[in-house]
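See below for the structure under consideration.
Letters A, B and C name the chains as they come in the text, with residue numbers starting at 1 for each one.
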């Protein structure tokens, strides 16, 4: 058990190391340099700028230094924002995490419910409906969904029906979180509910459910105490990828709804060639994802007695 | 008790053979799968939808009187069903079925041109996934031991790397274009496929017929190619079917970020992205490509589900 | 020399008199879009703002916020863009124009984010601010604004460790605080528009004890690491999202400030902008051409303004590109239907460029471009619509210059920086050229960073770029095309042109000088190192909450200080 955990953690650290190195050298291959303004600057100024951010050293020295700083938890100064990268990330991540958790809760709880109900009432209208919802989630890109939600539920509901329920943009109040969390979570909801339905169907046709039935347990007891509990297992396995999907989706949703989250920095910093910010976000985000996958894998081992962690 | 006349019975002969006869025609795995697929109405409809979308993407731009890049400044942003009034172009007098865009280009032609691009990107990257994944997974699974351990550890590390970051970086380093997009997708997309194939191969390797093949002196490559891969095919086909919509989605997402294919080419993603800027004024410019994306996503996903059911012996009835 | 000064002052006064007044809202009382509900506060859409340390800023959005929270020696009037007193109450220059003395307004205060008075504003704060601008450790991109002062460039080079730079100390640099309220500046060269320089946002004062207390690294990274001496003080800043400023009661003209709070919000999505405006979550926002026409159709009038930007294609005239052929450049220029570009891509009031120079006053006319148009017989130098016959007539010469036998051999790529409008524009031009000349232009969409890198390295054929004037003289645009100019991204080098511009610099008679500039414009038209396309106009809307007093114009992308609100 302990050996397994240590092994997994070692791989996670190795992955992170590869990721950081890969990003570090890849971003140096991006064309241009971070100090390209609309007007050209003199060579002296450029040299001063490079010196200020340590870019005057050979790339390999910069790499070693960066790695060293990373180990000490120092992600450096952002070139574009002229402030501490760690500070920017921690401020904006709080918002992204808040949004992400809401979306994730919505997606998993609703997904499991929808999937379970659909399986129990297989072939009924309820089944068709829940699968329709799931299909919408699978088939509409989030940038289209977000824009439509904002226009119809944000603006038109207010203008036409005078219902001021969903703010159009911004972050802070509970109402401001509803549309973004919904738009962000729907895709994952679809995945979860489809998986849940399949797994539930599997479970419902298994022998122990038949046994439970023949023992005379009520339908409700069978479904909730026996079937759902076991059918959730596969859903847990995809939680890692689901977290990743929700986090990557944040960029689109944040820019549509003007939410001060972390997502935009991935794209902005790459486009601005803000080297420290690019690697900072990658280290942070990559680390987070790797951690999530690790936790989910370990968790799965604890939940499902059939999985032996020693493997 | 009533007496039964012996003459009422008759000796029909003895045939152990007949009693064991299979009364229904024997079906191979594939025949059975096809039969069940055709019976699955939803999957069948999806297959037809896919075929129609593909057919239109291939044929419509060829037969359309308009060129996908031809701009008619006379009537930009025309609504659906407008008749072309520009005498200087070949399409004069023909109808813009889906209207025109900001530059007065025929949306009908563009949508199918975009379909070509989107579907090509999706199918090609799915195929690249398939080939890379099968080879890698096949080798790793078949040889096992140290080779397997090294290859799988490598995979695990690559798999941990967040996909989107690498794709964005790659797309910015390489020249924009269809090739770049396909490379970027395939670079990470083959990993699940490799895992899947490896898992299958490991399971199959323990089967007796493989041992038999080995005993008869079959080379490893022959065994992988002739025995192992064909038997993992069903699982792999399902996976490929589901990888296609994922690629279409990613393409749309990257188009939204401005990392799409070069102008004036278009894909469904870039059409939707352009449409979204104008959807308040001209909703059809968004709705049409959006429907194409959604329909393709739906069709491939549900067809993939159907295939999975068809290949699953447990669901055989 | 004095005559030139007189002439230039005359130009500046002319500019002052002819510029439009501050904007007023034509829609007040319509009942369409009443705006945000909070009293005394407005929400304003803005673009990227990444730094609030005034000496490090480069974006016009950042300058727009600066204008509201810092007070330089002088500022531009919201009414007419003229120079009005700011922190300096009055000023005078010496006979030779090389020494300027500024008298500061007594009683000005530095306040912190909470509005508490920290210290008095003195001449020392300007000296310190400017010396930090020149401090190479800060690596300020716009330090060159301070190099107008005597010895400043030499000091910068010396401290930067440039090889062979003679030793210069800070005391030798030409700005000194004589006492708390008197600032004396010595100039390196004769510069009649010094005031245009000191009004520039990076030339802000900094209170030294506070700066040293928070440290150079932390300074300006949050509302509480800055002190304010302007009409507002920053109270909240969410990076890449919003900046909130509230009224500074200590400001000398605070009685006339109607607004109690401005929230600047960054939007990245134009649909979201319009949705927020129509949903009364936003009071001031820019609108796209399509959106403008939609609002107009509703009966709501957007306001239009000129940012002073001239847009043209930079053309690579060096041997690496097929655009080295002058005839090809002329052919493409004649093949572009400029009005069609505006109508299709922008759908707004952009004007077809009659010449390169824009937004600059003439000696005896409202605009310098009027003189150019008059000299060309009443027509602009660049036609509004395409002239296919003319364009085609250049082709044989172009092929000969390039040594090609067929147009299909011509290989020209339009380098395009990403963005819907840029991409549309490239596609329109691509199609126009294809139709007129049968030349298949390529389009390459790059990020802004990469396109700038390629532009600076002259690795492109054609690239759409804009140029805004730094000061009110045709020189600001026309000196771009001299051989040694650092911003000449064309590789164009014409000794005759260089000589002409050199002559302009020394010509004292304003009318004769203007004629030289007209000659330069004709020379550009003849050689076409750039292909001018349009002068840009932008549209924005304000909610009915704002009545008057706000301004958007050249040199002032946003000025809301004296905005009057509806009751």
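We take it that a contact is a pair of C-beta atoms (placed from the backbone, for glycine too) under 8 Å apart; a residue touches a chain by one contact, two chains touch by 3 or more.
Just so we're clear, the structure is a prediction, and the values are computed from it rather than from any experiment.
S.K.: Just to be sure I understand: the centre of a chain is the mean of its C-alpha atoms, right? Then which chain's centre is nearest the mean of all of them?
M.R.: Taking the mean of C-alpha atoms per chain, the most central one is A.
S.K.: Which of the chain pairs holds the record for C-beta pairs in contact?
M.R.: Going pair by pair, the biggest contact count turns up for A-C.
S.K.: Which chain's centre, taken as the mean of its Cα atoms, is farthest from the centre of chain C?
M.R.: B
S.K.: Could you tell me the distance, in whole angstrom, between the mean C-alpha positions of chain A and chain B?
M.R.: 25
S.K.: With chain centres defined as C-alpha means, what is the inter-centre distance between chain A and chain C in Å?
M.R.: Taking the average C-alpha coordinate of chain A and of chain C, the gap between them is 40 Å.
S.K.: Please compute the C-alpha centroid of chain B, do the same for chain C, then give the distance between them in whole Å.
M.R.: 51
S.K.: Would you pick out the residues of chain A that each touch at least 2 other chains?
M.R.: 30-31, 147, 151 - these are the residues of chain A that touch more than one other chain.
S.K.: Taking each residue of chain B in turn, which ones touch at least two of the other chains?
M.R.: Correct list: 172, 276, 279-280.
S.K.: Give me the residue numbers in chain C that touch at least two other chains, ranges are fine.
M.R.: Each of 271, 447, 450 in chain C touches at least two other chains.
S.K.: What residues of chain B sit close enough to touch chain C in their complex?
M.R.: 69-71, 73, 76, 102-104, 172, 176, 258, 262-264, 274, 276-281
S.K.: Provide the residue numbers of chain B that touch chain A in the complex, in ascending order.
M.R.: So the residues of chain B in touch with chain A come to 153, 156-157, 160-166, 168-170, 172-173, 245, 249, 252-253, 256-257, 269, 272-273, 276, 279-280, 286, 290, 293-295, 297-298, 301-302.
S.K.: What residues on chain A touch chain C, complex-wise?
M.R.: 30-42, 44-45, 47-49, 51-52, 77, 80-83, 88, 91-92, 147, 150-151, 154-155, 158-159, 167-170, 255-260, 264-265, 268, 271-273
S.K.: Taking the touch rule as given, give the residues of chain C at its contact with chain B in the complex, in rising order.
M.R.: So the residues of chain C touching chain B come out as 270-271, 274, 288, 290-291, 294, 340, 343-345, 416, 418-420, 423-424, 426-428, 430-431, 443-445, 447, 450.
S.K.: Please give the residue numbers of chain A that touch chain B in the complex, ascending.
M.R.: 11-12, 14-16, 18-19, 22-23, 26-27, 29-31, 135, 138-144, 147, 151, 244, 248, 251-252, 266-267, 270, 282, 285-286, 289-290, 293
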